[in-house]
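See the structures that follow.
Heads up, the next two complexes both have subunit A, just with different partners, subunit B and then subunit C.
Here is the complex of A and B:
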């Protein structure tokens, strides 16, 4: 049987788009498996271990046997790695006590293995609205544990964050994203501390219209976050492209200084923005480039 | 013998009235052009109490600036208007009644305002003449509902009144014709006044008054479906429909309704359809708006022609670049026409397929549910067997009916629905909500969208029911029940009867159609996201902002 002919266009980009295997299409478990080298994936604390959140059922929410976080060990480009994927379809990727501990423990164990002679990098697949509201303070506490474990590991091995979409990465977990050695994002991905709906409900529609897609992506979108240096690599929503980007980031190893350590640079950026008259999203990259002429060139 | 000749009569009263109205707005105009800043006052001068006014509100574009000005009129000056609105979409359409500016209403569809519509009716604020289908309402404008004033919208006008509607021509020429040729006043809001329009969609001598609206008219992307939201069940139904209906009957000319189920069919043509070797054998000629989800099928060479009811925001450049497929003007842009497309959809296509909210045991369907007065729109126009058809086609003849010598074919009228809708609401019900709504609002007959005896096929995730083959009502009910799944309607049927119905060909399950249920996966969709649709179009499709996630 014949396969459909490619579109009649000279622009090769479109052909690449159509022949890709969408990463966004996949659920968290399939994403984690797709990233790892073929046949190496092995899930830890999987659904049959039935480690569920005890807090959801009393609040009328059906729990999930993996609590929405999938931890898969395997190899990436031949080297040991652990992929931690948050499932956006379960509670909006919200992190609770159990799911948070799964993330933190996986990062800590990778750090221990790295110290014990098996250097193990970590990949975080971040599709999350942040802390799960039903688990409130416990969720907040685990986000702190996640960040602490991430800091422990990133000193030894790269921790690579991937925000593919469509949910994006918001709330407490956006802090974890900010700590990553390398942050990979697609144009569909979004990154922000407060999500659009939170801003709208807290500060009103005049401050932020959460139904305005153009506005949302002009601020939180992957292209803007990469342009403004808050994410590092902009990739196509494609399994092969994302996997290559992750392996490249792994091969770059641990940098001398992480983005989150370049305090002077970050402060200069903040100072360059007047909250009373903020720059248009399209101008922000230029404003910041002007404020911080050379990357990392700070006292 | 007495003379029957009455006193001499003035045969030009309407013409005189029109002259007087235009005289009354002279101080607001320069040539044909009205002052937008004084729109309300101009309308108050133009309109007379009791006037019949056609206010353009289609299912996509809206004469919203004029609707606002009308809603703003002083009910002491303008009152008791009789409004003709095909689609009640804006708040202002009903504000007019709440404020007492208008009293009587004839309409076709009230989707977005259906709850408030039901409330106004219950409160006695609005007198409904009738709920129509789209073409029915326009038809009546040429019979007993000719408008005194037509309030319309267009993209551009020149100073001679020539109008450019662009891709969204829709209903404008029809309403303009009804008013213009029986001494009605035609007033058009345009997005832009220009020296020269790129093409004349409506000639200037039909147009009396123009106003440049302070903002472009409202235009809804009603026919855009994001492939990301198409689930596996829709894909399974699409496979069943393709094998059990399209392939079996060799359907080459067709219309698709709006919805994710039909979007799924459009998106599996280049994959599953290609694999079945059906390209060039089915789905060649369409009466359809430029659905973005049809782009992959067009690009893969499935589609020979598409005539459109209206345009679709974002598809302008794409359509303009495919003039062999779409009807386009000398300026390159789409020319749509709702009435002609409806006519084509009735007499020239072999199949209509669409979704419904409720189907009863006799296959009657309706989108009217408790507390909502949605009306009909255009689905009944498409979803019936037109008895005025005489030309034959293999698909039409494959449903041969009647007694010799009065043999005739039948249009395929297909309903496609999951047995349960989201939230666990059954699609198959014992009694349509429409029956109760009719009782509550004193309608003479229940507002049924598509009559059961017009429905030839029903497709669910369970299989296909070939209702046209049923010898009598009892057979038809059983065939429908066989694919109604776990709904009350479906549970009535004995398993053994299902076997008999399969043997007799009244029902086909996936295995009867050689449809592998396991293959019903999203990977079968030629485009799985709006980004994919853009890629298929080679960057020519510009999705509206609300469909962009990048």
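Here is the complex of A and C:
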């Protein structure tokens, strides 16, 4: 079991820490329901629809009746919204054919409703290790569908990503996280394309030590991801705090330009770092602050 | 992975269906659907092979006390007998509301 390093922030408000209701301690269904306005939640494609993965049982893996993705429609701050929550306890939040299509279809339907006069925002609760290995190719194909549907919806209504837990958001779904209008993360949350263990097994322990939690959180952790502008809002793991952050993000609406569209800025950041002598994680924000896009370098 | 089927005599159908739990380490998911017939039908899909006798004992004991006429689908990921019994009681309680 991984655990984040203890918070070093001297400004930590312990009274708030002690009175909070942990968001990540809830299961995915409870998290989705807790975000929505009281009494408005209505689950789509629930467990009794029994749309489980057909690929797990032949491989000797017990399936889950909702395939680990919970889609709940309702209202958020009075406005129509759909919350799509990944259950991290089932297959490490791994996305397969069915769960991926549930996410993609929910985003597409929100886009359709938005075009038809019912503006519907989406919230993605991204606790996932990425594509489920048992459904590798199908899972990857659905990630493409998720990204495509996300791009369709974010032009019309905000798509808000939330990464709350220590599992984090990795693999294919981290690409979807990068496309979100606003990305909300806790200090315990993590975001990365390849997870620490994948990097260690592929490139060796000298490249990344997956047992060094301080190192991992100094690079993938929520505080660092917010400091370096790869996530937008750092929140306490608390139901009320996360719900307020999501509603605020919804109220900001659709920006003129999304983070993933600022290609020049992202390219300048890559160029500012020498892979042979990378900056210390604590210095990265300062290095990137001075990375200025070259003139004429437009997306 | 192993699939097991059991039937027990039962005469009290729940008021409504219920869903509890997740297929996560040491836990299980239960789907309970009311049935008119006088039996509790249980299908267990478990990640751990070879515990047929333990499952029978745990379920027999539960359905001797709670004669709930329903179809029970258990998707198990290594829950202990204690967790199985707690989840079954939770499902039955939800079905009473």
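By our rule, the second predicted complex is superposed on the first by the 279 of 299 C-alpha atoms of A that agree within 3 Å, B and C clash if a C-alpha of one lies under 4 Å from a C-alpha of the other, contacts with A are read in each partner's own complex, and residues count from 1 in each chain.
The criterion applied here is as follows: a residue touches a chain if its C-beta (ideal position, glycine included) is under 8 Å from a C-beta of that chain, and two chains touch if they have at least 3 such contacts.
Note that the structure is a prediction, hence the values are computed from the model and not measured.
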So, does A:14 touch the first partner subunit B, the second partner subunit C, both, or neither?
first
Examine A:222 and indicate which partner it touches, taking first as subunit B and second as subunit C; both and neither are also allowed.
first
Would you check which partner chain A:22 touches, where first means subunit B only, second means subunit C only, and both and neither mean what they say?
first
In the overlay, work out which of subunit B or subunit C sits against more residues of subunit A.
B
In the superposed arrangement, which partner chain does A:57 touch: subunit B (first), subunit C (second), both, or neither?
second
Counting only touches as set out at the top, which of subunit B and subunit C does A:46 meet: first, second, both, neither?
second
After lining up the shared chain so the two structures overlap, which partner does A:286 touch, if you call subunit B first and subunit C second: first, second, both or neither?
neither
Kindly classify A:188 by the partners it touches after superposition: subunit B alone (first), subunit C alone (second), both, or neither?
first
What residues on subunit A does subunit C touch that subunit B touches too?
none
Tell me, which parts of subunit A touch subunit C in their complex?
27-28, 46-48, 50, 57, 60-65, 68, 87, 89-91
Enumerate the contact residues on subunit A facing subunit B in the complex.
1-5, 7-9, 11, 13-14, 17-18, 22, 24-25, 165-166, 186-188, 211-214, 217, 221-223, 237
Using the touch definition up top, name the residues of subunit C that touch subunit A in the complex.
1, 17, 19, 22-25, 27, 29, 31, 33, 45-47, 73, 75-77
Which bits of subunit B are touching subunit A when the two form their complex?
228, 270-271, 274-275, 277, 296, 299-301, 522-523, 526, 528-529, 531-532, 534-539, 545-550
